[in-house]
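Look at the two complexes coming up: chain A is in both, with chain B in one and chain C in the other.
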Partner chain A sequence: MANLAVVGQSVYRKDANPKVTGKALHVGNIEMPGMLQVAVLRSPYAHARITRIDKSKAAGLEGVALVMTGVDVAKMPGVDPYYGPAFRDQPILAVDKVCYVGDPVVAVAARDQRTAEDALQLVEVDYEPLPAVFDVLEAVRPESPLVHERHRPAKAFADLAHVKAGQQSNICYHFKLRTGDVDKAFADADRVFEDTFSSPPAQHMPMEPHVTLVYLDEQERLNVWTASQSPSYVRTELSNTFSIPMHHIRVRVPYIGGGYGAKLYAKLEPLVTALALITKKPVRYALTREEEFLTITKHKVITKIKTAIKNGSITARKCEVFWDTGAYAEIGPRIGHKSGYTAAGPYRIPNVWIDSYCVYTNHVPAGAFRGFGVPQVIWAYDSQMDIIARAIGEDPVEFRLKPALEEGESFATGTLVRSFGIKEAIRQAARAIEWSKPRPVQTGTKLRGKGIAAGVKAVLTPSISGAIVIMNADGTANVLSSTVEMGQGSETTMGQIVAEELGIAFDQVHIVQPDTDVTPYDTITAGSRSTYHMGNAVRMAAVKIKAKLFEVVAAKLEAHPDDLVAGGGRIFVRGMAERGMTISEIFLAKFGSLGTTLAAEAVCQPTAGHMDPETGQSEKCTEYWFPSATAAEVEVDTETGQVKVLQLFSVGDTGTAINPRHCEQQLLGAAIMHLGLTLFEEMIFDEGQLVNGSLLDYQVASIKDMPESFRPIVVEVPHETGPFGAKGAGETGALTVAPAIANAIQDATGVRIRGLPITPEKVLRALAEKKGEALPQD
Partner chain B sequence: MKREITLKINGREETITVEDADTLLEVLRDRFRLWSVRESCGVGACGTCTVLLDGRPVSSCFLLAVRAAGRNITTLEGLSDGQSLHVIQQAFVSQRALQCAYCTPGFVLAVKALLDEIPNPSDEQIREYLSGNLCRCAGYADILRAARLAQERQISKETAMPRK
Partner chain C sequence: MTIRSFDLLQPRSLAEASDLLLKHRDEARPIAGGTTLVILMKQRAVHYPYLVDLQSIPGLNRIAKEVDGIRIGALVTHRTVELSRLVRNSFPVVAEAFSTIGNVRVRETASVGGNLAHADYRLDPPPALLLLKSEVTLFGPGGSRVIPLKDFFTGMYETALEAGEILVDVKIPNMPTGSKAVYLRHSALSANDWPCLGVAALVSKENGRVRELRLALSGLAATPVSVDGLEFVRDCSFDDSVLDRILGIVDEQIAPFYDLRGSEWYKRRMARVFVRRAIAQLESQA
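== the complex of A and B ==
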């Protein structure tokens, strides 16, 4: 791209200083006079009717302001006691029954945390246990206990408008894709491969747990400070839940300590709002880490995948994907849909059949997790790609490259792919790991192997980002955007785009933090969508400002607006830098004063085509794609089952990199997180009871787990409608880590692990089984 | 039980009354508004709440305030003079070793303790020393580079200006 000043440069983070000094504002640092703290009593049962709650003793404890039950919430005027982004199924506090161990039942607001916790001890609750269901494959059977009798769609998001009311089933959403004739292809196949893969529930583990502060201001308006990835949605949800007009709700989000999907949609906000409305006091609820485990998880997924091979090519694939969405649907239906339609992979397969089921169980609710479910489906399809390649004697890299979709070819949904650097990503991954280098013959107990995996995610479509750019008379600019800076570097990216377009310096742009009083609507900060959507919005708003500036300059200098350019804080005639005006001069010429501002708004709102509910076919299912590939080298200790990742290369097609270093950082951050998810992370449940719900018992990747050789590779296939050709990068590095490692383990040892995490026990068991099978032939 | 204790926080002596059950983290945040001290796991397993106790890194969520009586406590607020960034902070910025930065105060202080204890650590030693601090944005590669750079800068500073 010609002559870019700021875009494409790895400028330093806008927020570096407040963050490195620890001064950055977090919700946990905000103090209000008379602020109450919250403790919540949670259900010890996975499924039970509440028969009695006695809160009188707790309410009498000194320092307690309010002891609130679900019945109290339901009595609030105009309230809908249930909320949720796909279905309104989650009670603010359990009303008549509890649906998982950890379900909030009673909330206490008190003058300090200890008093609130003491009060909980005094609350008495009687339960009558109900039959519960924990296994997602059992939950889909008609005779299984029902978690919810009815499903009430929320109608909060355009992309979920097709979600239907349902009843008498635990399946709350079923996505179908049908193309070609799979039965015929399976009948005609040379070989058919059938595998089942599983991926466990896991924790997002943002280092800052959820925290929300709510108070009523002097106008009795609801003020919410919250660690959220979706301020606009929180306002809508609170408006719907409490029948409060939108202009009486102000949601602000300061810097947040990580999200990874955990902080999407409404979490603590409805509960804290109810407490603040009743007590008329400021109320803050900060989750403990243990409560965090009981609030939101990564979906457990079982995928059955069956693939037909004819003459060495894939002719058909059938996928059944079961999403354990837990006790409340949360965003499960969106995941079941968006990840569901990619479940056959980025490959040319003429006959595809996909069923993706989002299923209630009596587990902790599951939601979006860096990758929105796509890592779980890639875990299945790209593990199987390797199994097939090795079984039919094909080179795993070539076996992927051959059917990998080319620009303009049709995805399984019938959508033609654009800006689709999947082949390049695979090639880069193979080159980085020196795939073609002959493997030495190995002896001993430490075996090395290499693995490659590839996959693709589609961006959430449709979705909306609005932005306002305000130009100040001194040539600086303020950007109003609801994108949340949660570590990904969005302030920096938006600052670069606006600076580039207005021709001003990066540090002359200030990004206003999300505040629904002033920052326009944005769907969510998630799904690798902000650089494209918000990036386009801020860019278009800046273009509008520029047009206004050009108008003034054109009149003043008797030039044609088309001949003008912006740069160095000036507007001048192209090729004649001396014929121009500074921004201040332009403002003076236009307004006769220097205290003035120019503002412009723009909205980026990509649309999706209709998707046929029976076949999943759509002219346009997504605005753009994120191709990903990972290459890994592992060392497997055959005596202990330990897997050590020696090398890891994370390759992602991000479109044009607005800030290359930050794109690389996103790839590596997502990759190391998923390395932990691949090798050890798992929430273990026993009859719905979480066994390892603290950081003492649940391990995440530390600096010691970082591979010796660990490198990002950014593939830049520009997108024609992205800002400067950009797409996004937040999730790409997460997508293909698990299958790459499993494939490397098979390369090293010949054993195949189909269930995550790949623990030493599983490896040892697989090695033993392999030996056992081999014995009779020896 | 309530007790009166004296803490030396970032170079200032402070005498306060605390409950036996109060953690150092609670005291530093609630009484002294030292917001860089943050809780994450609450069980001493993540290093987010790291402060220096007589120069050694400790998890302030897991230490009773009374146990810190009479000791020197350094939080991130006390690391630099308030005017310019400490070399370690500069290295974290230039190596981009922060994203959401919730973990950053803990990491910066851990690196400080590391370099004070082992002036010329190997990569292996850096990894070992920092393994008690978790970063979920997982900028571990950047953090490792930042530690390395801070160490180089510190050494070059010391050789340029020999200690009096």
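== the complex of A and C ==
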């Protein structure tokens, strides 16, 4: 990476100042005359038929503009009352039945929030309870109650085109991978290891809960301000749901206060749109934290994993992964697919069998969550890697390094891996934690141990990012991109890429915030895809602008365009800085005026190969990979079971780091998030009723929970088609935290925890069991 | 999250406040710091058409030194207790217990009286206050009465307060001479969480010989427990057999229930561990 001016520099983030000073615009700050506020009545039943709704008292309350039910929505002309990215299964408001505790049933729009909430208490709803199903392993049985009688595929995304209308079953998606002959390998094995791992539902906990504001402008166009990670998708979904042409819908997204996957696809937008269309007034709905718990969760996952060992090597692995996607499929099928095919790990295993089932239950819907399901499958396979290594007397680090895939080797899907720094990540993690340093003999009640875990995620493929770069006559540039700035630093990264390519200063680039009237299509801001996809798009657009500038300079200075370079706000002949022109001079030369602009569009659209539905084999299942490793040192209090994380190293192969500090912050931020998920975060349900649905009872990691020593390590294995070799970093640090900690706990105490979160009580029970104590069932 | 409209009544005296509470009965609730009540009202879990604002009554926000102890007014904030030189010097265990609650902003607002009257089983101050044999003054239609704090807690979110009664202050008697006390809390989830259990212990000694051991525990069941029957420790040393006997007595007097922070089995184990640790900590300071 020779001669780069801005790329590779840890420049300060563009959004730092407005956010720190409180000037940043958020949807919650926007005020409009006559704006209505919304409150939603939610189902107290996990599964029930609605037999009666009486909204008359609520409608009569002064200040109430509208009391709306699912039947009212269904009666709107041209409206499809159901939406969803994989299946159109989620009603805007429950139409005939409710499918989970918290399912929206009635919405009130009123002149202020209190009136709306007062009105809710006047709505009467009668229900007739239906049999419900809560356990994902029970839900897959044919005799279980059906959450949905029919499945209606949405056809919104190319990668989900193969999702089919299911039979009478709660399984809404089944991914299969078959390679080699696992039965034979298990029969021939020296040893077979079988384990079941579980990972609970959890909350994304963005600082800003979901919020959406919709109004009709003077042309009756639908204007949507929303805290969303997918403005382009929201426009498409609203167009499909309400039969409104796309040019009559404008979706804008200002800075959002974190997303982590919670704000993908459509959430509040269809409901608020329906309210705005009927009332013809601006309407805003902002979720409370308590409602946030009832809107979207991380998938609960049960993974059964069975591994064959022959002569110290892994010869076969069979994985059955059950995703509890809750009452509505949301993006569960995509998660079951993308995470499902990685469930055997980044290892050389000749015989692999994977079944990944996305299953409806009567729980809060589950969707994308930083890591997109991959942390749950790594929790299983890299916990088991440690179990096996320790059982057969192998060093856990060497046991991973030996089968870890090398550049150009075949993944379980048959895809050859590229830019795959998994071994380097494992080595760096081992070095950081001083893995090979001899451990002292320990006595007493505080036992220390070290653990390593590794794993890999693949980027969503295919997907699309479009961008437009507009060069101004004074040498500055505007970038039109639908990538959402939600704290990850994309504005800064895109600014660095464009500045680098155009040879201008970083602060001469302005990134226009997502606005579907202006910014081109982008699949989603998620899945660690923006730096690569949008980064490539903005770079290619900048290259096109540069070519236009070069053309003028080449003619004017009688030079060959290939000999020209951009730098310092000028275009000049390579090696002869004085022989060149400023951008303004080029504009004057081309247009005879400074009052104009040069624009160029580019689209980054990586493609995927066909994946065989029976075997999961594909020549190319993904554009690139995110290898991750985490090293942890823990201290376990054997009297209380409390685990203290002393050291944590989060290692990720990000490709070339466009902004190294950002990469480090992403690795750390993701690791902190997953530290809480590893040790205590869990949404606890009792017959579908959430027991700890507020921040009084649901805890996230705070500053007091941080490890004493905590360091990110960026591994840079450049990707040949990434912008300047970059891949992505948003999820990598999340992937391997949980198994690293569980492995360290086993190292310290000899006990193995297979269910997250690793609470003190679970550890203490395991220690007591190991000592042979009789334990009560709880 | 909004609160249904209510009237804020601002009495100028305890008598006036008591009258208002009696008049409106179940429709009224006293409010002090409001850190808990306001959340419950915002969640619309409760609604009171009348809130009786105790902050408008003068004189309830003082910490007063008395010959035989200190008296902390019901409206004194947690933060004031935590930072009070008087409390820190003479009752460090009380300052410690109040300092562990929530965060600084909550402690700046939440009141001592509100904390006790809310009677949440997971609160930190009750064990420390029970340990010191504190008493509470209740003012009501029949005048004032003083009852031991241990009789104040009657159940989950339930207290001895009767209709029209207001908690006025808590009296903490001086610590016995030659005594030390400690409060330990165990968080089973994040470090910021409610305690899984809290244990307060006091040991007093005379000429190096144990005179008294007191123990109080919270977080285990609906009400905090002040452990009885520990008189036998007088003149004993805390060796294994004495500790076993202490732990046996504790085990008999607690009745933990399952909650998000632990099963009955776990809480019993933790009670043993933290009682032992509290005594060990006091012994190591001796």
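Definition applied: the second predicted complex is superposed on the first by the 772 of 778 C-alpha atoms of A that agree within 3 Å, B and C clash if a C-alpha of one lies under 4 Å from a C-alpha of the other, contacts with A are read in each partner's own complex, and residues count from 1 in each chain.
Going forward, a contact is a pair of C-beta atoms (placed from the backbone, for glycine too) under 8 Å apart; a residue touches a chain by one contact, two chains touch by 3 or more.
Model, not experiment: these values are computed from the prediction.
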A:Ser702 contacts which: chain B (first), chain C (second), both, neither? both
May I ask you to name which of chain B and chain C touches more residues of chain A? B
Using the superposition on chain A described above, determine whether A:Phe680 touches chain B (first), chain C (second), both, or neither. second
Kindly classify A:Asp118 by the partners it touches after superposition: chain B alone (first), chain C alone (second), both, or neither? second
Would you sort A:Thr288 into first (chain B), second (chain C), both or neither based on which partner it touches? both
After the superposition on A, what does A:Pro760 contact: first (chain B), second (chain C), both or neither? second
Kindly classify A:Ile672 by the partners it touches after superposition: chain B alone (first), chain C alone (second), both, or neither? first
With both complexes superposed on chain A, which partner does A:Glu639 reach: first (chain B), second (chain C), both or neither? second
Overlap of chain C and chain B interfaces on chain A (superposed complexes): 114, 288, 290, 694, 696, 700-702, 704
Chain A partner, complex, touching residues on chain C are 1-5, 39, 43-44, 186, 188-194, 196, 258, 260, 262-266, 269-270, 273
Give the list of chain A residues in touch with chain B in this complex. 12-13, 15-17, 19-24, 26, 28-29, 114, 204-209, 255-260, 288-290, 486-489, 661-662, 665, 668-669, 672-673, 694-696, 700-704, 706, 710
Interface with chain C, chain A side, in the complex: residues 112-114, 117-118, 121, 288, 290, 639-640, 642, 676, 679-680, 684, 691-692, 694, 696-697, 699-702, 704-705, 759-761, 764-765, 775-776, 778
Within the complex, chain A is touched by chain B residues 21, 33, 35-36, 38, 40-43, 45-46, 48, 75-77, 80, 85, 89, 92-94, 96, 98-105, 108, 126-128, 130-144
